[in-house]
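Down below is the structure, laid out as structure tokens.
First chain written, first letter: the chains are A, B, C and D, and each begins at residue 1.
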């Protein structure tokens, strides 16, 4: 830039209070010697509306084109200062801030030392300011349409919520009909509503909504692009369609599996899974044999799943009601950390279901005369072994990722956790987010959730999508990350190491290209690039180099 | 377009999350908090990272607090309480009582001159709130301030360069008109004294989970109150104030198993020699990634399925814990130097009164009642929604999800 | 407080992740806890932005020690930045060994945004260790650049 | 690409010992991609050399420059000024780069900062492995696209040898037996019959055995 640098330095003594620790006249006299500083102002509360307005108009009047502020932590009022600069017509990124409160006045009790450090920090900020370049913002328009992958309950909830928020939704389901695992359940106890009634109602509403399009027997073939404009190829039935979406919600659910190896036995007519029992209870046909005694085993296939506990409660009660069977539940830990579960547990007990708890030693299961024998040591009965035989034994299942997860994850470039569910570890900070902006995850495809939580997750994902897309455009800083196409050798390091998949190959320039709308500004790419082709604005080599000057001995 | 205003009651994780979500959607939000600062319980919680992050989620808070404090769409009404609510969805009229806090948060720059001017010995009667608090304005400790002991003193007021201190301030009333209300009043930590046989408050080496939070936050590590040494034999007792019908808390608090295991890892990270036993009823391990965490804990924590009946001191520094050891099936007594009571989540004592003011139903055990498990942010009153632990126990991620959902329901109700 | 008899007050560059350590430092400030004035905080958006080269340059410019302060592992705001930082620091530690600089002069720590106390422990601990080691054998200014 | 690895600092310091001004020259092609000699590596090693020199009390001036390609003289000319000012050039290019600089600036000592190791590919970020031995007589069409010269420890043409065990090589247990790979690949291609044909003895004169090689394209000559 050819224009002359005119620096304006604004110091704030925080209501006069910092002057006890910092010698502001000394700072001023030191800064006055720097020729390109055109103005030095001392305010008492730079963060206040009055001082901000004054500063803003001064910047305009004096033609200041770089601003240095010595005040409190940028975490507090940086945005406010930038706002004032913008109002005065100056690009807000031409600001260099020295944190002389939290990093000097408040932590270095010797006045001379605090002052010395403040001077140094300000000198660095001044040097830094000279290198600053404006970052322009740009509104990127985004498509408000949303694709939801998975027509189970969380996907349907997300679709309904988004449609209410005025988004056009495409709901993709692999099977012929919507509903997912919900369709296999015979009851949603303790909820009064039956799964059928709930599903029928939801599907009815879904079908009525003009802005929801349901595609069944459909699968995702290809996904390109970024937040705001994902180009998606879908195969629905026998046709292939290409569409654009602003955001994607993955709600593909989970799978369950009988862990044969942990039980050491095979399923049979007498040893069945909860899902088989659900189906049997759901059908109105007569059972070949009325089970007099039913046992439910928990915590063997999966020690952690909450689904098995509630399903044993539900199915145990149902069997009791329908056949008057004796019902026993064997478990290691009752999973009661769901709203209202303790009460339900007590009710199940009051209705005559008998509980046994085993420890590290698993129950022994054997067959004899068409009966299934369960032997165990119970927590409360101690060494006295419990020995019971059943007509029907319901074993628990392990919650596992679906087979398609890896494939979908690689299509979408999203990460899996160590158990191969979606979402890597640190997303506890962002519950329904994936590593990519604009792709969200909901329901049991990302975590072991009970039914109400699965519903809630779908809504949370809808909320997150809406928040991102509702204005129809996203304001992004352009050139926040700068790639020097001449230096880039397309080693692909940045593309591989960007945690947000925000870097692509520019086919024309034959260089890496940062997609501003997807970039979150971490600078990992710049840290990696072996050709020094990437700089993060505000943290360029020059800017960091200037800050390191602090370490040189005072001249 | 007319601004849709929303009242959020409670400035903890839930209230802040709802407020921020609503503000992001362009709604004008009034966030009422009865304490002088927002943040709620979680602001006194510590990071539980050991060799790596243990996913307690406490660190999401400082950023959210800062964001809520700076957001132009959010007005913070601290030291304030809702006294009256009239009207209906879309048009609620709310009366708010604003306590005199004597320090104007808009003017105070947290410089600390007032503290120096205070004639009292340490601790001074005017002091900064907790680190990172929003607003950062100093707070007056009425229990110590001379003015509240009937004496004349204006030292701090005279010294304040910002003119932020005003002892003539009285409590004020404020009327607000809002379209919807989010109730996010949170929870009370169970008072461990109610379980008298555990001797909390009587034996110094019996602490609660909350004590651990605060000690780790302010001290970085734990030392035994009795002798100042790091604890070697630690017992965690689960379900203190949870799953206990006798005291009226017949529910699982959801958070205690997890925080106890996280604390155990942290204690052992700081002192690999420390032996830890966890007495529990049933381990609750819901939550993303917690199963893996439990697997890691298995090797280093001794788990005993059974809740002790009594704690009694055996020496100045040692505590005897009596429990039924399930596998031999006999009563045992073991000695520990620290016993941590994993206290749970109780409904707010004021919940009954608040429910009356708001006209909403009180449900099981004294938490606010939601419409049904699938609409657990909606109440019997249209336009009033629930967020967070005031509806029932939740951990931080769940609270965030719930509060987000509440915000969504508000947006729907306003459109 | 960190000066010893011969007046050596170590200069330490602390690269602080804006999402964690920088906030912790602010919090330490807000509670008015003093730390060595030779600690100079360099704000980075993520520890993953810190390049090995910048660490070496800090030593060239006269740092007696360098700290890289990142989020706890598995809690990085940008998913993998803290892990990348750790690997780079480990690589530069090897280079320091080749140069013959004490590896104690470079450390990476993980801390969360609300760990003001840990921040103080980390920076004061570092200042103490460097004080015990003595000034860096590299003299600033005559780096030949 | 050509994969190189930086020599130890100690070895490099011994090489530059005695020179007052050293230019560290990087190459923006293969060695940038394998993190051995790009601009960042140049800056890092220059910084490390300065630090080491100061620590040892030596006065040495280090300058830096990275060019597009060290194996083309036009790019090397860009270094002219800096080379003239230096007493020696420390090239962070491959062997070809070092020599091209040496041939261009006859009067300056040019020193290799890297060990040039092999022609290979990126297996994943941070891992490179050998694929081609530049033998000059390619037979990949016979071996399912897997090179027994570069990837078999013994470069056997009609393998495997007796040391192939569970798909691994007897020389190094972490190395896949190339002939196992060839077999698997041909099987999946349905071309196992290729294994029945004996691959004749190779003409090694096309390789290094025939002395330094040269290639000419008459049509491309100006």
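The definition used in the following text is that a contact is a pair of C-beta atoms (placed from the backbone, for glycine too) under 8 Å apart; a residue touches a chain by one contact, two chains touch by 3 or more.
None of these values were measured; they are calculated from a predicted model.
More inter-chain C-beta contacts link the pair A-C than the other of A-C and C-D. With centres set at the average Cα position, the gap from chain B to chain C is 34 Å.
Taking each chain's centre as the average of its CA atoms, chain C and chain D sit 36 Å apart. Distance between chain centres (mean CA atoms), chain A to chain B: 24 Å.
Shared contact sites, meaning residues of chain B that touch two or more other chains, fall at 53, 55, 59, 110, 112.
Within chain A, residues 75, 425-426, 428-429, 497 each touch two or more of the remaining chains. Residue positions of chain C with contacts to 2 or more other chains are 23, 26, 28, 30, 32, 51, 57, 74-75. Arrangement of the chains shown, judged by which pairs touch: an irregular graph that fits none of the line, ring, star or complete shapes. Which chains touch which is summed up as A-B, A-C, A-D, B-C, C-D.
Remark: chain B residues 21, 24-25, 53, 55, 57, 59-60, 66, 70, 109-113, 161-162, 243, 245, 250-252, 254, 257, 282-292, 294, 305-306, 326-329, 364, 372-374, 376, 391-392, 397-398, 400-402, 404-405, 407-408, 411-412 touch chain A in the complex. Chain D meets chain A in the complex at residues 28-29, 32-33, 35, 38-41, 43, 66, 122, 125. Residue ranges of chain A in contact with chain D, taken from their complex: 487, 489, 491-493, 496-497, 529-532. Interface residues of chain C, counted against chain A in their complex, comprise 11, 13, 18, 22-23, 25-26, 28-30, 32-35, 37, 40-46, 48-51, 54, 57-58, 61-63, 74-81, 84-85, 88, 140-141. Across the interface of their complex, chain B is touched by residues 19-20, 23, 26-28, 30-32, 71-75, 110-118, 121 of chain C.
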